[in-house]
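Letters A, B, C and D mark the chains as written, and numbering starts fresh at 1 in each.
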Amino acid sequence: MNLPILSLITFTPLVGALVLAALPSRHEELIRRTALGFALVAWGLSLLLLAAFALGPAGFQFNETVDWIPAFGIQYKLGVDGLSVLMVVLTTTLTWISILASFGPIKDRVKGYMISFLVLEVGMIGVFIALDFFLFYIFWEIVLVPMYLIIGIWGGSNRIYATMKFVLYTLVGSLLMLVAILATAFAFQAGHGGSWTGAFDYTQLQAWSAGGHFANDLQILAFLALFLAFAIKVPMFPFHTWLPDAHTEAPTAGSVILAGVLLKLGAYGLIRFAVPLYPYAAHTFAWPIIVLSIVAIVYGAIVSIVQPDLKRLVAYSSVSHMGFVTLGIFVFSATALQGAVLQMINHGLITGGLFLLVGVVYERTHDRTIAKMGGLAAAMPIWSTVFGFFILASAGLPGLSGFVGEFLVFVGSFGVAPVIALASIIVMVLAATYLLWMFQRVAFGGLSDFLRGLGGHLTDMSGTEMVTLAPLAIGIVVLGLFPSLVLDLLRGPAQSFLAAAGVAVGG
Amino acid sequence: MSGSLDSYLVLSGLLFAIGTFGFLARRNAISMLMSIELMLNAVNLTVVAFGAFVPALKTHAAVIALLVIAVAAAEATVGLALVMAIYRNRKTPLVDEYDSMSE
Amino acid sequence: MTYLIPLIPLLPLAGFVVTGLLGRQMGRESHQIAVWAVAASWAVAMVVAFAALAHGFGIGDGAGITLWNWIPALGFKAEMGFYVDALTGCLLIVVTTIGMLVHIYSIGYMAHDPGKWRFFAYLNLFMFSMLLLVLADNFLLVFAGWELVGLCSYLLIGFWYPRRSAAVAAKKAFLVNRIGDMGFALAIMAIWTQLGTLNMQAVFKLVEGGGLSSTWIAVVALLLFCGAVGKSAQFPLHVWLPDAMEGPTPVSALIHAATMVNAGVYLVARCNPIFGAAPGVMVVVAAIGIFTAVLAASIAFTQTDIKRVLAYSTISQLGYMFAALGVGAWTAAIFHLMSHGFFKGLLFLGSGSVIHAVGDEQDMRKMGGLARKIPITYVTMLIGSVAIAGVPPLAGFFSKDEILGGAFKSGFLWVWAIGFVVAGMTAFYMFRLMGMTFWGPSHVDPEVEQHIHESPTTMTRPLILLAIPAAALGLLIGFPPESGLLHQWLAPVFEATIAAGGRTEAAYSFFGIDGGLAIVTTGLVAIAIIAAWRLFGVDMPAIGLHAEPRPDQVREVSARRGLDFLYRGSAAKWWFDDLNNLLFVVWGGRLAGAVWWFDRVVIDGTVNGVGTVTTQAGLRLRRVQTGHVQNYALGIAIGLIAMALGYFLIAVR
Amino acid sequence: MNWSDIGTIAPVVASVLVAAAILIVDLALPNRRQAVIATALGGLGVVAAVILLQAGHAGSAFGGAYSLDNLTVFLDAIFVAIAVLTILFGVDYIEPRGLPIAEFAAILVFAVTGAMLIAGSTDLVLLFVALELMVLPGYVLAGFARRDPYSTEGAIKYFLLGSFSSAILLFGLAYVWGITGTTRVDGVAAALAKVAAGGSIQPGLAMGLAFMSAGVAFKMAAVPFHYWTPDAYQGSPTPITAYLSVGPKVGAFAIALRLFVGALGPLRADWLPVVIVLAAVTMTLGNLVAISQDNVKRMLAYSSIAHTGYILVGLAAYAGGQHSGLSAILFYGAAYTFMNMGAFAVVAALQRQPGVSSQIATFAGLGRRDPWLGALMAVFLLSLTGIPPLAGFWAKAYVILAAVQAGGWLTALAVLAMVNAAAAAFYYLRVVVYMYMREPAEELRPSSPGLLFRVGLGVTCVLTVVFGLFPAIATAATNAAGVFGG
């Protein structure tokens, strides 16, 4: 199969963005549909990729390599393993859902919005499939700008503060990561008699690292820089405070993508680069990171309890849920890693859905204050049912996907050290507390005065809104019952992750 | 000491320092311009002194000094023109009153 | 035969899906599919249970079926599989029978509720979850069912969600259950990491084969028991069950009396090889159980809400069962589980009928003299009360007797002693309930009084059908004591554990210790019943019993020195709710608030502080740019000097 | 002097002729601005052609005082590009304000001639003269709007401080000449190699080095010699600011390359600490102060100081032993030229109507009012921030790579540079915030710049993007140009 399907997936949205740029901005409906069309094409291509992906062999598939800057051995190199494929599909799915979900809410500067979204998609997909360290970094940074605009232009009242915080925070991390990337490549080059060939090539770097060729102090420094960048993106406690602000101010679809994909970039970076390239450092810092993860899990949940704003609550819950991901990565257990990746996908589906649902209410009430809500179960029964479903999924109800991911992380960590599971399992109660209490205040009881004042505006979910949520809900159920769909894809990546991480243990 | 290269260098150094001091202390743009001229002349003295005491530099020194004089003249021309221009706008040659842009 | 097993849970699941999607459109007939689905499930379950109890028909001592590999992770495996043996069979009977009857009962009970379709959908979901729990062949799947029944409980307690108390109670139930579930979850992790399998039969074999160190056995047993404590509302996690009475009464009957709350008992009984190998934990189980029994019974003394009395009674009876498990009387526990399921289901449904009759009034102080107005309800509830009180030869007598006898004979004299007292207390509060509700003068609102009528047949028939096992189950499967049908059925399940325990019990001797204990207990029960009659009245003309209630004497007794404290404590439910409120709502809320403050002020404050410091530094530094050329020149001169100094330093290096 | 010498210095000669031609055309055809502009652009086209013809050739003139090598060609090309762009951007601004376009163009070309002369200078005296030829027209340009008090004020400050620093530089040059006994760059290097081998630097040489360093630092606007920059940039007519921000800066780095790398190369271990400190202080102060600016021109002035700091990292990397630092400097210079001129050009476009200020509020709502202009500005600002895949990103990446390769303190410097870059994002993006996320206080008409202006903007934008997507295009040239001297 010589079709450069990865490039196709990556740049289909870019073509879409260019087409949109050429359309006159007054044809808003046309712009919306065109954007959705391109996003759907990218989605379809990614499903094709998923279908064509061969489960058996380890390593990367659909590789594409073109020399880009030969002087430094920088390549345009793409390739996917099971992990990447899953992330790409998650990205393309959430993108079209987000675009569709923006049809109603976004009425101003539609063209710019849709272009931003498509460019964002390019960056996100690129991060997941880049096999050149430098290319990865470039896609990583590309993601930043459209999200900056999406929050800053189409966001809420405090959007500028939020978007600046988001960008600056992320930039601090990513620029230091650049230094680390260059230092790593240079170490490789120095070890290869000054030849830059392969100095940014992931597979070669990884092989070099596996040979134990990266000096320990380089590993420590580079790992710290990468970790900072990724930890900010995940976000890990205590680098998380940009997230509630960004989520609160972002438009609904922005929040969906932010939670659904952007946070995954950090986790992906940890799995793909930080640990396999610097196993010694990863092991050195494993315990502090595990502790931070546990803190994030519990802390995020506790803070969620008292949030007055729906979106802020979901944002803090993300901190808690993503704690499982980092935990699952750094206990170095195949079970936990698979759980962590599953949790990444679950979090994308569940939190994405929750943000969409909050958006549905916000569309009608222009408010997200929990205290002003109440009695929506009677006023918007379908919405409440769906909301309840996602809340239960978020609370980790067995049979839904969230449970499997969290449980695998728990089991994996328990196998490493029971104390980890012991310290973090309290989240089972805390998560149920903040979620159910929120649900009670929003959906149960009599219709609040504020909502009553809105009168007929409080209509139940529209067909479009249901269409945006349906794939997520289906995904949650299917992955809850048949997690093997994901787990089988992750066998190879998990094994190579452990093999890469294991080197330092032995040597 | 006298008659040595070092004494000339010290002299030119002093001259340069005086020029610098003048540049720092004077408020009048013209005076500052003159201070710069003094500094350039100090350089010229240095150059000539080197030329006088180091045989290998003899021919070079004269050329350099000439060039410096030429540059100084050009500088003075441009400088005076600018002083004229701003004097028209501000009606004062005192540079500490040219502070509409700061921070 | 095993192919039938998946049908049992799947039929209600299908019912749930169909009713959930289409119920709204089905209007008045929205119960049809749900009820038929459960009825079909019941029919299949009966076949399977029969096969299991007969130890034949392709099931033998236990057989399973695996549907698919649920979680095939690297280093972890859990399958979607079912397993049926005699123990499962017993529970299948209880769950599907009562479940079906409650479904039928609800047709009438919920007839006029606009959310009827929702109700039936939830009920079906519950049936699925409960059956999943019972049938699951591995711990993770049990846990899944475990959580799902909790969810259904949540949904059904909060069924009338516009009522705030219902919403709060629902949430409370879910959260308190989750506390226990943490233990369960940890137990599963421990089992997996120690044994590498979650299949229960495999685990038991490994444990019996010594595959698990005694420390880990104790840890696992204790953690499993945590889960059981939550689900079965044992001290200290008992607080959710009384509040759960906010749900519609059929829910209370089905979930919070007959089935779900028994899950903890089932779990411990199922894990008898593990618990049996952890004698220390067994003592804990017995202690928690019997303490809960007396605690809940003492609270039931003073409650005025008819459903709450029954709720505390349920807690108390569950305590009995745990005491039975703790002393190693496994079969007795299951026996009591079954008999209790039937008579408590009956009592709840009966109370529902009462509440229905008096216009949704639950306060017993506003009832009285209903015996003649709702005779069927009255008679069936009387049977239930007699049964639970432990009057021979009804079901409760046999099962309770086996528990007390087991405790006594296995040397747990203290368990027996407390259990003995609780038997008396149970009889007393049940007849207090009967007296306040059915006998004596009417305190019903006169306006409501005119409309009191017996419930429709869909409601009364289940009452009658439940009254039969409540009365006869003991004789049917529990007689002769300790060697009845039930013992024969369950023998393969528990025999290995009992044998491993090394305790050989003397055979049942009617004319020996066992008979003596039974007579003593029955005597106490009789005294308690008579005391209740004298205080709260009785009116059974058929057997010539009549006594007027004497509220003044009740008041006098409760105000007596020494008793007043007990009375207040009982009425205040021993202040558990207040303590929990203080600990978790008030202090927990404050803690969460403090953490959030920390997040905003310290963590985010640091982040913003970096920004502020940077900006402030810029604002200070920009003042250097004064606009005056002299200052600039001075700056350059200073820079020059600094640079010269730097070079000199380098030069002399 | 002979004909081959003339051939070697042909670009300089050509551009002097262009300047003269502009003046002659203006005299001959008064009030025919098209003719002037055509002459200027055509002439510069010829110059560019001459430069390109020289590409790949090497040689020297005037007995070694002037060298033609890859570096010369590369820098000459940049300088011509700067001149062309300045004229393209200048017309729309100069014309409405009634300023003489021919003089503007002629002075500019003279200045650029000086810069080009610097590029090829391998003699200390020639270097100084060339520098003066570059900066003197610069002073005039800064005060070009002679009725504008800001312009003249900025010019006089620039002039006074510039002359002061020239004198300092010259003093340093004199000492170095006196001690090494030669003005030829290679000769100085040879003499200093002995000093370096000997191990100690005599005080006179140290003083010479200090004065030279200070002089060059002033020209490149390194802290603490940067004071002239904000005032001169803010006061000057905006297209001229655009020129000032890149022309003299690249020129100053050309001096640094010829002087510090060519002549003082043997002593690089000695001046390395100075450059490190200078770079660190420069980028930090530039960024910190830029954060609090409300005037975009002034903000860009401070940002240019910060960029000086980043470029100095490349120089430090060279001194730290990494030759790639030099090509990094050159790439940075090229990238910076286009993105920074582009940014100033957008400011100039907004100020096409006299009276429009360069306050940041002017940018409010630009994204809606003038989508293309806004988008272009966003591209330039993002490039200045260092967001891939734009030219500014690679500029930083190369510099950082060189520093990381050098290791030691330079790694710390690289980290500091990146922290600075993150902080810099704040003020660059602040402009984006105004353009896209705030509504304007008063409704301004869209500025519709002329054709030349648009061409200029297009070129800068395309180059910013193309250098970003395919940096290899430029790296070939910078790598070649980075190999010279010692």
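One rule holds for everything that comes next: a residue touches a chain if its C-beta (ideal position, glycine included) is under 8 Å from a C-beta of that chain, and two chains touch if they have at least 3 such contacts.
Because the structure is predicted, anything quoted here is derived from the model rather than measured.
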item: Chain nearest the overall C-alpha centroid of the shown protein atoms; value: A
item: Chain whose mean Cα position lies farthest from chain D; value: C
item: Chain pair with the higher count of C-beta pairs in contact (A-C, C-D); value: A-C
item: Where chain A and chain B are represented by their mean Cα positions, the distance between them in whole Å; value: 64
item: Chain centre separation (chain C, chain D; CA means) in Å; value: 79
item: Gap in Å, rounded to a whole number, between the CA centres of chain C and chain A; value: 38
item: Distance between the centres, which are taken as Cα means, of chain D and chain B, whole angstrom; value: 26
item: Chain D, residues touching no fewer than two other chains; value: 156-157, 160, 164, 168, 230-231, 423, 426
item: Junction residues of chain A - those touching two or more other chains; value: 168
item: Shared-contact residues (touching 2 or more other chains) in chain B; value: 20, 23, 32, 95, 98, 100-102
item: Every chain pair meeting the contact rule; value: A-C, A-D, B-C, B-D, C-D
item: Complex contacts: residues of chain C adjacent to chain B; value: 622-623, 625-630, 633-634, 637
item: Chain C partner contacts - residues on chain B that touch it in the complex; value: 20, 23-25, 27, 32, 95-96, 98-103
item: Residue numbers on chain C that touch chain A, as the complex places them; value: 68-76, 80, 140, 143-145, 147-148, 151, 154, 158, 161-162, 164, 166-168, 170-171, 174-175, 178-179, 181-182, 185-186, 188-190, 192-193, 589, 591-593, 595-596, 599, 603-604, 607, 611
item: Touch list for chain A against partner chain D, complex; value: 25, 68-72, 109, 112, 137-138, 141-142, 144-145, 148-149, 152-153, 159-160, 163-164, 167-168, 171-172, 175-176, 178-179, 182-183, 185-186
item: In the complex, chain D residues that touch chain B; value: 125, 128-129, 132, 136, 139-140, 143, 146-150, 152-157, 159-160, 163-164, 166-168, 170-171, 174-175, 177-178, 181, 183, 204, 230-231, 234-235, 298
